[in-house]
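Both complexes below contain chain A, partnered by chain B and then by chain C.
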Partner chain A sequence: MPLPKFDYLRPQTTEELAATLAEHGADAKLFAGGTDLIVVMRDKLVRPKYVIDIKGIEELRELSWDERRGLTIGAAVTLSELIASEVVRERFGALWKAAGTLADPTIRNRATLVGNICNASPAADTAPALLVLWAEVEIVSANGKRVIPIREFFKGVKRTALEQGEFVRAVRVPNPPEGAKEDYLKWGRTRGEDLAVVGVAGLVANSGKKLVRIALSSVAPTPLIVPEVEGVFKGGGSVEGQIDKAASIVVEKISPISDVRAGKEYRLHMAGVLTKQILKRILGAS
Partner chain B sequence: MKKYSYVGKGVPRIDAFEKVTGTAQYTADLRLPGMLYTKLLKSPHAHARIIRIDTSEAEKLLGVRAILTGKEVPYKFGIYMQDKETLAQKKVHHVGEPVVAVAADTEEIAEQAVELIKVEYEELPAVFDQRDAMKEGAPLVHERLHEYKHAPFIFPKPHTNIANHFKLRKGDVERGFKEADVIVENEFYQPQVQNVQMETHTSIGQWLPNGQINIWTSAQSPFAVRHLLSVGLGVPIHKINVVVPYLGGGFGGKAGLHWEPLVVLLSRKAGGRPVRLVMTREEQFNTTAVRQGFYARVKTGVKRDGKIVAEELLFLWDAGAYADYGVNITRAAGYSCTGPYEIPNVKCDSITVYTNHPYGTAYRGFGHPEFHFATERQMDLVARAIGMDPVEFRLKNAALPGRITATGEKLREDAGRVDECIKVVVEAIGWGKKEPKQVGGKLRGKGIAALWKAPAMPSYTSSSAILKLNEDGTVTLSIGSIEMGQGTPTALAQMVAEELQMPIEKVKVVTKRETDFSPYTWQTVASRGLFMEGNATLDAVRKLKEQVRETAAELFGVPKEELVVAEEKVFVPGKPDKSMPLAKLATAGIFPDGRGIGGPVLGYGMYTAEGLTNLDPETGQGLPALMWTFGAQGAEVEVDSETGEVRVLKMVSAFDIGKSINPVLLKGQVYGGIVQGIGSALMEEFIFNEKGALLNNNLTDYKICRAQDIPDEFVFIPIENPQRNAPYGVRGVGEHVRISVEPAIANAIYDATGVDLFEIPMNRERVWRALKQRGEKVASA
Partner chain C sequence: MSRHEISLTVNGERYELEVEANRTLLQLLREDLELTGTKQACERGDCGLCTVLLDGVPTKSCLVLAVEVDGREVTTVEGLSRGEELTPVQRAFIEQGAVQCGFCTPAFILAGEALLKHNPRPTEEEVKEAVGGILCRCTGYRQIIDAILDASKSAKK
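After this line comes the complex of A and B, so read on.
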């Protein structure tokens, strides 16, 4: 099925990209992997006059890590590249695992992590992992640069904090606290490739003060972190009891809908199940 | 001692190279000079009157060559019921029905034109559930049903939504229930699903000004396309040529006529230019045909000793907007309704009901996967009610040779054996073996289900084959049956090579089917191909040999009875001087002095289904079956009661196929069918909103099995009790492999969890709900 007519632009530098967006922002769509954009264009849900391909910008291909700054994932880095990275696998386990559950290998060869968050689907697979990892989003426009926490990036279904003329240059993920354990669990309708009915990322660390973070996808208009979970583990009681309490808080704080993929009741139930599973795993409880 | 042996061997597919390298041509690969591209404007409503269509803006668009509306094409098509409109005429019958078609120089232009067309509708009350559609005063999907032409064995009820009511009456079911010690009654339900062929429906049509119609199409039935088009348009058959290249999957959904009339009519309006239509995946779900939805009520009367004495069945089919094959599916399921068991008193009403859903058509198994879900679940439920092992219960009632089917047919002595199938499956799955019920917190269980099916077709259908001897002694076989992945051409090449005792590399089976040249066959459906084309091919081999011997007898001056055709020669055994390569006879025999004799060697073979009769309209009694293929499926599952996930660990299957011609291709058929069955059992379903719009018309939300969803282990056990009137004893099995997968899994889920499921798909959420409900009941008890 043909796409609506558009002009294809391929800037070579971020400056050029910022200038192009400043000029055409209202009529333009950024094009990285295209695995979301092409679908909505084919369905005529969007009809951009300009499609701006960012894959020609070398700077956006950056995938780097250092001890101080942590991980930097440029806007053109594909999920397959991320999965192939040793440092991501060893130091950012939840993110590595989440990336590997997104769609299937053919999609991951094209799709980018930044594209996944900019699409701002409530079901974005990489979002919960980025949330528990305290990731930051580096936003650039012709007017300059700003950095915001990923928590403030998602504004609603398919809506982000990006203003007209802005683009995400990279996602930065700080190194997890010493001794952190993290994981991502995804529940779909089948074992094969599927969108998340519920996705849960968890992170625990015990360096100085106890950290417990739980974030979810597909259970609210945006992927979200449930900060109230942390308080449960500050108090006493058995780990099992704490885990049950944490799961019930999660179920209370989320607001899933019923749709063609699952009913609200099942999503609430599975959010609780996955929260317990992931906490058991990362807290080492049986 | 035979030099060449191919039958029973796993020789590689003859089309493997083309398909693996991508050189095999499918309809969508064809590009004809001047070809136009089609886009459709489809109905957003399930049921609405068309008030006005304004195409004026679209007509102005450069590159638009033809715009067609239903008013201009007042034809009705249909294989058994002439009800199908090419484009909606006065009203739309379902969401996704084509209303206007545009043919343009490019797909882009056609699509732009469609966006410029305005249609005004007046919505009508719609009906979506076949039970509601049967009620007095329900909105009528077809008000003129009483005027429609239909096949004599289809029984519509005028001024209702009933397109066919098949009745089966054997014995006295009321008396039977009185004799019964226990009566068990249950209801079962299945939604509409789709065949999900990799290749979507694709057709190219050309109606030349001289009256010649040319069609290239993704069809399972080129001769049916030609015939139905001829009837529907009133064009003589010799003016229509239908070409079918390779088919990218059929599964029944490409049987009969689909979009061929539309492209042909567009071409006529575009002055004879070829017009192509390729359905998008969304259109494949919304607009092309699907599998009917199904509701069943089954009431069984049984004696304490396990003998079933009476069964009453009601099958209600959600045919959607048009009857298509649905009316004959209703009939086929009706006459097979008992499953592979002998029951003395049977009453079955199998009813096709129009609704405002997408229209139903054939789907691998032709109603049998649907009704076996009901009857094979019922077998377990009845066995439980009398405290009998479900295997023992099935064997006790099994339809063995000599027993009487529901239509009064006495099963032949060489009919297959369902009891053998059941026994080997039970053995291989470890039925009754003490094994842990819980593994890693998950529940395990086993279930079995038996099955039978005969080809569903008119009583007199036929096939033919042409075998030509080429100038170098190679041979070329032409058949009308399509290659759609099932491998029939390979199996036929094996038979030809074996019969002629020549290398299989020297046997070619023509890939393209073209009605102007190919020998006739009814259709490539019903698991009939290997049996019927096989018999026709063997007949063609006999005729070819006969012609060779006649000519050679003259040349050698010996009686033709003394001559043998083998190893690419014709010869008198033991007389080296009376021997001649076949190549020397291909075009004519030649005497030493140069005189010619005989002529080009060509064997024309045919076969017509034997021993079938019409069924009595009131009782369904008669002989509907060319052959019965029996089988059994066993499933071992693991259920996670926390999430509702059902994982099929192992599938064990046995079918009495008579003879395995190619064990490798056979295995492919079996595994593929089971995977398709698992998809239907665990995940596939059409989900509509309250206005009848399909919410999951794509492969994101209509789930089919992917590699991760298939069982860890397959065990297939062929049973080979030959059928005497079949080529090498074979029986069809293309559909059977996909039958009774659902009930075997459902029965295993019960074994694992103690929860009975009556509805498919048994997806995670539905199983979770059922387990939760049971938990709540137990808690409150």
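After this line comes the complex of A and C, so read on.
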């Protein structure tokens, strides 16, 4: 079956992209890896008049790191490129791990990290890691540039903070806090390719004040971070008790639904189990 | 709908074509070039049967637009053998009985070829990972994984 009809545009610069979006924004869809876009176009859930391919823009291929600014991931960088990056593997462990759980290697050869967050599925695998790492989203339009924290980017199921005419140029990930250990756990129905029943990213940093961050996917309308666990290791009591406390806070703060992959009760239960598991793993590794 | 002139290389042969914007690479290969070794099934990225090598990289061709491959190089299963001479991966598939109905075979062979090119001595886990995006409804995968492992051993070092 042919895809619905559209015009294909391939800007060469971000200025050209911004101008094209300013002109056609309401009728246009950006096309990165297309692993979400082509599927929803085939299902006729979206019918753009213009499909704007961003892969011709050299600037969006940037994948760079420096001591001060941290990591920059341009909008055309694929998950395979991210996984192949030594800096990502060594310094941004949760993100590296999460990228490797998304779909399969063939999909990852095309799919981008920025496409994953712009698609804004509650199950987006890279989102929890970006949330615990306090990533920022660099948003550009013909009117200028703004940068927002990733936790303000997700607005609902398949809804983001992007306004008409805007696109994401890059995601920036600051260097994790001193001594941070992080991880991502994806709980699925099978070991193979599937969206997460629950995904959990955790980060524990030790710089004097034992900082904890937990973020999850597939347990609410958007991927979310649970800020209430941040100080859980500061009080007294056993580590075991503190971990249990973190898990019960998480379960209280999430609002999963039942769908084809799992029931609501199962998700609530597994979110607690996985929170404990990831904290134990991280503490065990430190 | 926009139309685009593209030139691409498929299995070493150069083509100049005009394609409509909504044509997928999969349709281009099967319908315009009549290379039907690449299979069309789910057309939504799930089954992997449409896998081809795009500049050597395994890619699900149902999720690629034909217009995007302007200037690029595509390898399909038809482009592997030299005349009657099969590649080690192809031979191993026959020897292992990794082919039943055969519908998935082109995709697995291409994924195997790409893997061995970058990683001539993969572990079993690495083989499983590399073919993880392709479904087979017949064999149960064991023979496919063994075939790729066998090919890695038989290929010249």
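The rule is simple: the second predicted complex is superposed on the first by the 283 of 286 C-alpha atoms of A that agree within 3 Å, B and C clash if a C-alpha of one lies under 4 Å from a C-alpha of the other, contacts with A are read in each partner's own complex, and residues count from 1 in each chain.
The working rule: a residue touches a chain if its C-beta (ideal position, glycine included) is under 8 Å from a C-beta of that chain, and two chains touch if they have at least 3 such contacts.
Predicted model, so just to flag it, every value in this text is computed and none were measured.
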item: Partner chain in contact with A:Leu195 - chain B first, chain C second, else both or neither; value: first
item: Partner chain(s) touched by A:Ile107 [first = chain B, second = chain C, both, neither]; value: second
item: Touched partner set for A:Ala75, first chain B, second chain C, both or neither; value: neither
item: Contacts of A:Pro2 with chain B and chain C, given as first, second, both or neither; value: both
item: Partner chain(s) touched by A:Ile254 [first = chain B, second = chain C, both, neither]; value: neither
item: Touching partner for A:Val51 - first (chain B), second (chain C), both, neither; value: second
item: Touched partner set for A:His269, first chain B, second chain C, both or neither; value: first
item: In the superposition, chain B vs chain C on chain A residues touched; value: C
item: Which superposed partner A:Trp187 touches (first chain B, second chain C, both, neither); value: first
item: Overlap of chain C and chain B interfaces on chain A (superposed complexes); value: 1-2, 5, 104, 192-193
item: Contact set on chain A toward chain B in their complex; value: 1-2, 5, 104, 187, 189-195, 260-263, 266, 269-270, 273
item: Touching residues on chain B, where the partner in the complex is chain A; value: 106-108, 111, 280, 642-643, 647, 682-683, 687, 695-696, 700-701, 703, 705-709, 763-765, 768-769
item: Touching residues on chain A, where the partner in the complex is chain C; value: 1-9, 31, 33-35, 38-39, 42-43, 51, 53, 55, 103-107, 109-110, 192-193
item: Contact set on chain C toward chain A in their complex; value: 1-2, 4, 20-24, 27, 43-45, 48, 51, 57-60, 62-65, 67-68, 111, 129-130, 132-134
